[in-house]
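Here subunit A shows up in two complexes: once beside subunit B, once beside subunit C.
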Partner chain A sequence: MAELTKKGIGGFLARQGILVAFVLFMVGFALANQRFIAIDNIFGVIRSSAILGVMALGVTFVVIGGNLDLSVGSMMSFSTIVVLDLHDTLGPTLAIPAMFGLTLALGAFIGFLVGYLKLNSLIVTLGMLSAIHGLTLTWSGGQNMDIADKQGTWFSVFGQGSIAGVPMPIIIFGLLAVVLGLVLSKTPFGRKIYAVGGNGQAATFSGIPRARVVFFTYLISAFCVATAGLLQASRSLGSQNTVGQGYELEVLAMVILGGASLLGGSGTIVKTVIGVLIFGFIENGLLLVGLEFYVQDVVIWLVIILAVWLDIAAKRGRLWSPIA
Partner chain B sequence: MTPEKRKDLLKQGAIWGFIVLELAFFSIAGQFLSVTDTVFLSVDNMLLLLQQSAPIGIIALGMTIVMINGNIDLSVGATFALAAIVMLDSMTWPFMQALGDWAIPLSWCFALLTGVVLGAINGLIVWKTGVDAFIVTLGSMLGFRGLVFAYNGEQPTSHLNWTLIDFAEAQFLGLNTASWFLLGAALLLWLLMTRTVHGRNAYAIGNNRDAAVNAGIKVGPHFLWNFMLIGFLAALSGIVFSSGTGSVNPNDGMLYELWAITAVVLGGTKLAGGYGSIVSTLGGVIAIQLLRKGLGYVGAGTETVNLVIGLILIAVLFLDRQLNRKGKEELKT
Partner chain C sequence: MTDQSSVLRLEGVVKTFPGVRALDGVSFDLRPGEVHALMGENGAGKSTLMKVLGGIYDPDEGQIHVAGEPVEITSPMQAKARGVVFIHQELSLADELSVAENIWLGELPLKSFGRVDWGKLYADTDAILKTLNVSFDARTRVGDLSIANQQMVEIARALTVDPRAVIFDEPTASLTDAEKVVLFKVIADLQSRGVGIIYISHRMEEIFKITDRISVLRDGQYRGTLNTAETDEEAVTQLMIGRKLDLSRNESHHEMGDIALEVRGLSCGHLFRDVSFTVRRGEVVGFYGLVGAGRTEIAETIFGLRDPSEGQILLGGQEVRIHSPIEAIARGISLVPEDRKGQGLVLGMNCRDNMTLPQVDDLTAGPFVSDGAEISIFDQYRDKLDIRTPGWRQTVGNLSGGNQQKIVIGKWLSMRPEVLIVDEPTRGIDVGSKSEIHNLIRDLAAQGYAVIVISSEMPEVLHVSDRIVAMFSGRVMRTFTSDEVTEDSLIQAISGLQSDKVA
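Then we have the complex of A and B:
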């Protein structure tokens, strides 16, 4: 009986450990500094996490499908630069759909390579990281991109506007999270992604079009990247070529922190959102407590490894690995 | 010669064939397109190429071993930067300054020790917790970079020591110091992987971990050694790089992990583990550097280089898959 309860607790921690950790963090920081739970601080944190958060939503789909996407950072630079450039040539109304179209085309290309040609996703997206960076540099001619008339454009509404006191990036992030969360948990397509990531061969045998499912996970990822690029461009109205550099691994860290397994088949949008918020609030909380900015990197390192470790320890029923 | 051996040789020769192709292409294309009067295929240019490929190359050698072992290391860029900082900063410590030029080898030891310790941390976590190396080193990539910033904030760390710079610029038998380190490391690691029990076991573990365990191979210690080795090599790369410049930025080495992996994959090493060779990785490193230099020589900019390298990586993956599938189909009939 005692064995059972122990397993029950372990199982609960494995399933909800990240949520428990999140609550503990929040309570701890709130006790240490009152300002931490002030509403404007919370909005500030979520707003600054929104761009990476939106990308993390898309990467969650790819990871659940059993693949990786290392190209999101470089793709985000691409969409930011493209929308800024087109803003001045086509006008904002046309620039936004055009940028979404181009970014989705890149996503479709990756989805074709990984889904239909069945190439290793890590190497394909590593290659695309480099190739898309090349495209971005070609597009911008190596220059920074700026909108000519920064005051007179409504384009800034996505990054800087707000509705009823809630900043637009938060609304977009929240809306996208709800929609994608529903797609993942309530639709047949969502179930197919879990099936393909959990056991691709079994999925194929039960008639699930594996290639097409993988293809669509990359399209969703590209759509999220385009949205992130839009938020970034609209917030700063100007950008460097390398704005998204290094984001790919940070985003992946958020998704893993949320509990998605790199082997595929597990993870949820809610958990990814928690992973994103943990990143943001740890950063913010440590700064408010008065620690230097680099402490957060070390803390996040420990949190990621502890989270994943406890997760698999609970699954295998023992703390230390069986590796001899 | 068995067919399998012939196929192996063919595969390992592919990257060198590609290099020859590149050389021929850029030499000929350079006749028409070159922006300068210098010859592409000159000894000086090739020696410079070797020297420039040293920093990534040394890391890529270590990455090969870790990948043959079935793991991966994403934290090497941060290790690179931290080791370089430790080396440059340790030379300013009072007791080190009292040592005169003897401070240089000692500072190198400190830096290499830093790399080994960071590698050991990765290796121990992978071994003891059983968490996938990709995740462990993704985390330590952030964590080690935090340590880099903890050391000196966002300021660059600089220390000019002319003896050190002379050493870094020195030439021996026509080869630059950095090139010697690259070739020396390649030779030692090649011996390690092909002539020792550790090397053989590393292949066995990467190929089929369960079978290796059943054969009585202690998997954990091999993981640990290989992570310490790549930490050592990342530190060595940091030393070689910053000895010449005398300065290192806290952002240096970012994305080196991805460049190193690109070179290793181009050399034919399998991500799944169990297959790969040090010599082919050296080929991969040279091929990438040749591409960079060659495209620059014919007047193409960084953007084209990035584009071409990315697409070549995908093309190699595709070709490799097609060839392997063909082989498997032949086996079936």
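Then we have the complex of A and C:
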């Protein structure tokens, strides 16, 4: 490295830092614990990442559109509790569409506030994080929610079933990633999201309905949250009111790790999927090396802060700059 | 001060950005007690040079000397510590703080325990303000001052150090004549104290009034230095643009068609009042006036970005109400906006996607955007407009200003509009691209487009327009045909000196 100038290293880290860090992590973990690269472990990592991954797909839309969504964690708790409760009152066939409808309504409300009323998305979704949590507790009366007949329901198929040996959560995550990936990269709507997030004013001057585009990004995010809630409920068939607590930041971290810019206008579904996997493998690796649970949190969040720094550095073209 | 043939000297400074050589071996020296004008067209490299001097950009090559010593400037604070201070065109003051706090921001005089020494602060400030002969004092809130006085605060800020070189960037852009006199006095005073002054301005009469020497940049290159006393406007212009200033009028007239756009008595709050004009197919109507005369606002109203408070817009004889750009586009109106980077382009997006953005909904095969349809539009307009880019995948932000502008023009031409509005089509664009864009505008009219060109540059308006609408303070002062217009009458009309309204 001696022959590289300071600028050279800085520039390289700014462009590829996350991948470099990831490769170092993987190699380190693999050396420390053989089990890390065993097939079943890798499969396990993907499966356990699927629920957060599904949410990250939706948040990718919101972030590319230039906004934030911090409400997804508590919205996911809401979906999970609601679908479990309705499972016993309406039956699973009606419970699922009803839960999707309610979750989409929440997404539409946020989309209305951020898109049409042009309120700051950080404030709106931070507020909704708490508001939806309150809504969930009101719904459940503060009690844990459990399905009465856990053995006799087909509802468990989403979280516990598998097709040709591949667990359902992975299949759903994969399918959703493909569909949403195509929407984002190939459709006119996807193009408009990039335009709105990249330069909202230029988008308006090009005749793009900015408010409507933002509105739909939140609707897509809510749809993904509902799907994640379904997977969670179906896997455990019972849940606490706080099941999704803290997920909003982990999901955002995955999206940013993948390389989407918090400033909007950049990022892809493929990159987000990579971010999801990086996050999953780091978590799993730390577990296998035997790090204490709480130390893991410290390491993971340091990695995330590093990622955000690199994101900004890439924008500036250098790691440190006297002006913004 | 010891041996000082120059307070500030640059040698062979080079600064490149992706795709652009913004400064190409620029050398320049500033003597104590002189006012040295730095001139050049937009994009010639003046602001890049200033940012290099101010430590905001690292030069790729070259050397900077302050008072004879080679130095490396890495931050604005460091530049100031060496006595190199800037008076920026865009004021960077904190409105809510007092004059004194603004001036000493970052270096407030302190007493024990880090308490601010307000007494000293105000006394020091008033001492500086006294030398500037201003009417406000150290305790005044900056937000309450006029622009001219805010500029005095900027200047006062420069005087907190013993300056060697003071750089004024377009200082008179927003000053009245009386305020200019005060500014020039301040400059003369600095000069008499042996301070070197770099004066950046486009205004020739000022340059000839106050400067000693004139250095010219063109396309990032140093073009030479002239002694002000021994040269004239024409020689400077020639150095700046590489040829004589072309004040020729448009003389090609072609067949005009029906009236494409008519505006009757259009008003929008206090922005503009009672504006009426028509544009025919095949005609270029130029809108000329000072910044703030309401020209851009008229374009934005026609494009549905503002709601008029009164008046009518007629397209092809039919009255229309346009409430959004979406409706305007659907009715065949295109607007190439004034602010290319802010309103015209998504800089992080590639060339092709930018160009097809307004019509992406129509370029589909099944649910997906058709790559082929997009590329064929891009190729067509790349060839037509001679856009120089390595390929459609190139990020627009990496292109030169001229090519960026052509992307925006291509974007709106490909919509095949009935009415094309072009707002400041050549701002920040090099001379070559400028005349290409002018020719393009004439060609478009010849093809039957109805074109409105808004410009603050007289040569441009004269060059492209069949008729010229002169505006002052939100009103149409006069409409000229290209045969009857003279520079004098045009200048009088836009200064509000002569109101000769034609029905």
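Heads up, the rule we're going with is that the second predicted complex is superposed on the first by the 277 of 324 C-alpha atoms of A that agree within 3 Å, B and C clash if a C-alpha of one lies under 4 Å from a C-alpha of the other, contacts with A are read in each partner's own complex, and residues count from 1 in each chain.
We take it that contacts are C-beta pairs under 8 Å (C-beta built on N, C-alpha and C of every residue); 3 or more make two chains touch, one makes a residue touch a chain.
Since the structure is predicted, the reported quantities are computational estimates derived from the model, not experimental observations.
After overlaying the two complexes on the shared chain, residue contacts for A:I170 are found with neither subunit B nor subunit C. Between subunit B and subunit C, more residues of subunit A are touched by B. Shared-chain residue A:A228: touches no atom of subunit B or subunit C.
In the superposed pair of complexes, A:V308 makes contact with subunit B only, with no contact to subunit C. In the superposed model, A:M254 makes contact with neither subunit B nor subunit C. Judged by the touch definition given at the top, the superposed model places A:V243 against neither subunit B nor subunit C. In the superposition on chain A, A:T204 makes contact with subunit C only, not with subunit B. When the shared chain is aligned, no partner comes close enough to touch A:V82: not subunit B, not subunit C. Legend: residue contacts after superposition of the two complexes on their common chain; A:R191 is shown touching subunit C, with no touch to subunit B. Applying the stated touch rule to the two superposed structures, the overlap between the subunit B and subunit C interfaces on subunit A comprises residues 322-323. Interface residues of subunit C, counted against subunit A in their complex, comprise 55-56, 74-76, 303, 305, 324-326, 328-329, 335, 337, 342-349, 353, 357-358, 360-361, 363-364, 367-369, 411. On subunit A, the positions that touch subunit C within their shared complex are 182, 186-188, 191-192, 194-195, 198-199, 201-209, 265-266, 322-323. Only residues 70, 113, 117-120, 122-124, 126-138, 142, 245-246, 249-250, 252-253, 256, 262, 292-298, 300-302, 304-305, 308-309, 312-313, 316, 320-324 of subunit A touch subunit B when the two sit together in their complex.
If you check the complex, the residues on subunit B that touch subunit A are 74, 125, 127-132, 134-136, 138-150, 153, 213, 218-220, 223, 254-255, 258, 261-262, 265, 271, 301-314, 317-318, 321.
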